[in-house]
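Read from first to last, the chains carry the letters A, B and C; within each, the first residue is number 1.
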């Protein structure tokens, strides 16, 4: 069976635009969370977000793309360019049908959509832009990336809230197993606009604190919700043989195992299914719990969800038996971009033998027995990393990345 | 040995009649369900035609809380999922939850609910900093349409791999293809898979107006959707859903399930050309067709019916006619092709699943639905499009195709379930 | 409405569809095709929408097809206003 590996990373994160900026900030514990600047958040119950710094779309994208793209699509296009450059892949040199694009989305181009809704309802139907027909819908990033790079192979878009980012990469692996050579995959998200903000608030999980140092504290006794962010990561996933054949300059890791499950309906009274996803993912990778060197947690930041995640991890690995971390404490939760960014961090932790820290978290909530990495990065060899992601409504996903031996 | 996937249950909600029986009756009658938009006043819009479903959720078994929290498209999906399970003869305790997957396609998610709520929180578009105090609690489920999969998973008791697939107008085909992959790779044994969209809302009508994609034939709504006809001038926006029960073939056989059809092959490609435009040569759709046939271990000459995308835009119908000729060669001229969008409009992400349901029913009942309103074929569209009247014909291998914004091109091959194993 | 000029058209195009990627819209482009300038049918639809909103001039559905160059487009708009 074809093996799928990650050969390139493109990152747009609130604590760093570009993979090097992101990783050095993350290892140094530098957070990108702050008071929202994309709109004036005063008067809303939550005012903090992770926003990507210093992004000048005109510096990266041609003028014709600008009117027809939402902010998050622009970030995605730049991340896709960066991923291909990192992998040293020139798409024109590969067969057009051998390359695909599979991204995750959660709310599409919501900011673009808000502007168009406003034009419609304050000015009438004729104010609506021709670009509204595709600038906001969930498939837009896959479509625009495929056009930009001439990728005509099997492509897709999945929506599973924050778990979708792992499902997208898993689907890329499915395509590679079915002989697509290369898939650009991952997710970049962002709905930091008033309409998106109000919708996120309605989910009931946003932290109401306005101090970036204490707003998003997963596993902490003071946990009170998460801080959202924008951004994510686009990865180059390739068939291993093809990567070797073209002389790929690096292979970060193999996508070794994956599983997804869905929580039993609330009416059943049965517990969540994250643990089962972890067990199935390990089995898929052919690994035992002892083989995992780090767990990148979903880190919901909501007390009951933190407890159930910690319980699942303890049940599989033993209490405190595996290092756990949540670098998303430095970026916020990025919806469809969150898990791909965690995969990027996991790949880099494998490359550098360094587990990034979780920031701001102090005393763990009672009953939470995990070895949470804090302070300095933990310098240990990382041969296999487990990334967890859960989506609102009951989605669970677990993915194992493993260093090539 | 390769795992095979069959369709054992069908649930549909389509314009002109709720439930699969009414759906099939409409399709075989050749009647159309397009009419003047009634959900809101269409007079400020260029296209004032749509194919609407007369769907009252309280009469379809949904509870008041379900109705309140679910977008219309989610309501469609849940009702269809229940019909499909019942049709498959699967009671609530006959599915193994961890081995049951849910994959639901949707192009525009909870657009209708989002727009309705936007009008309130923005106070009619007046406020850019919209009001959180007027937001309903379920707004998050509208923001992120994976809630559609959540609702179906709750309704059927699924605990296996679950996701929404959202690839624009090919979502319906792609969701079923996705679920087929999950069963084939062994991640699930049963899947509740299909698609839904309820896009008939001002913002959607306005955005298609802006690109002149929808038909402005407002003086004759019943005959407004005219795929392959010389006088076609755009698609008629529709709404609806179809959800299927897919099962691993051996398990289905062992429990004595009735199989409508096997999903023999599926493939997708992108044209990487333009977000909305199509080149006339149809080459990437042809490539998707070729790959789907390959997977089905069939030849183009094995296909005995094609269910077209047939949206009724000038560019689409020409594009896919070229794709059929390119992929099937001279056999394209011997193969009946029809577009049911002529009757039920284009429900965006939902239509691909509705069309797969129609193909399964065509195989089952040995009848091909017609292309309605086809009186003067475009000379460039010179194939046999089964004009106006349904045709009795036994089929063994049916091709269903779709094309969507973003450049997506998808193709699925359904085979009669009693064909010899390849 | 007074006559729509190339200067007006350039401003509108830039605002609604973005600046031309490889051509100089301020140069002599009256007889360049929109396609050569990098503007697809969607850009022209967007432009038509702007013309309708700002000047009240409704262009026919096939305007994009029959006006290949800025000169032809301006002629059409000005003939209808």
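As a convention for this text, contacts are C-beta pairs under 8 Å (C-beta built on N, C-alpha and C of every residue); 3 or more make two chains touch, one makes a residue touch a chain.
All values derive from a computational prediction rather than experimental measurement.
K.L.:
What's the farthest chain from chain B if centres are computed as the mean of the Cα atoms?
P.N.:
The most distant chain relative to chain B turns out to be C.
K.L.:
Return the chain pair with more inter-chain C-beta contacts, choosing between A-C and A-B.
P.N.:
Counting C-beta pairs in contact for A-C and A-B gives the edge to A-B.
K.L.:
Averaging only over C-alpha atoms, locate the centres of chain B and chain C and give their separation in whole Å.
P.N.:
Their C-alpha centroids are separated by 37 Å.
K.L.:
Per the centroid of Cα atoms for each chain, what is the distance between chain A and chain C, given in Å?
P.N.:
41
K.L.:
Using mean C-alpha positions as chain centres, tell me how far chain A is from chain B in Å, no decimals.
P.N.:
It comes to 30 Å between the two C-alpha centres.
K.L.:
Name the residues of chain A that each touch 2 or more other chains.
P.N.:
68, 126, 129-130
K.L.:
Which parts of chain B, given as residue numbers and ranges, touch two or more other chains?
P.N.:
Residues 210-211, 274-276.
K.L.:
Hunt down the residues of chain C that sit against at least two other chains at once, touch-wise.
P.N.:
42, 45-46, 49 - these are the residues of chain C that touch more than one other chain.
K.L.:
If we count contacts the way the header does, which residues on chain A are in touch with chain C in the complex?
P.N.:
62-68, 126-127, 129-131
K.L.:
For the complex, which residues does chain A have touching chain B?
P.N.:
So the residues of chain A touching chain B come out as 39-40, 43-45, 68, 96-97, 100-101, 105-108, 110, 113-114, 116-126, 128-130, 132-134, 137-140, 142-144, 146-147, 149-161, 164, 167, 171, 174, 191, 194-204, 259-268, 273, 276, 335, 391-395.
K.L.:
Which residues, counting only chain C, touch chain B once they are in their complex?
P.N.:
Its residues touching chain B are 40-42, 45-46, 49, 61.
K.L.:
For chain B, which residues count as touching chain C in their complex?
P.N.:
210-212, 274-277
K.L.:
Name, in rising order, each residue of chain B that touches chain A in their complex.
P.N.:
44-46, 97-98, 102, 107-109, 114-115, 118-119, 121-122, 124-126, 128-132, 135-147, 149-150, 153-154, 157-168, 174, 178, 181, 185, 187, 202-203, 205-211, 213, 267-276, 284, 287, 404-408
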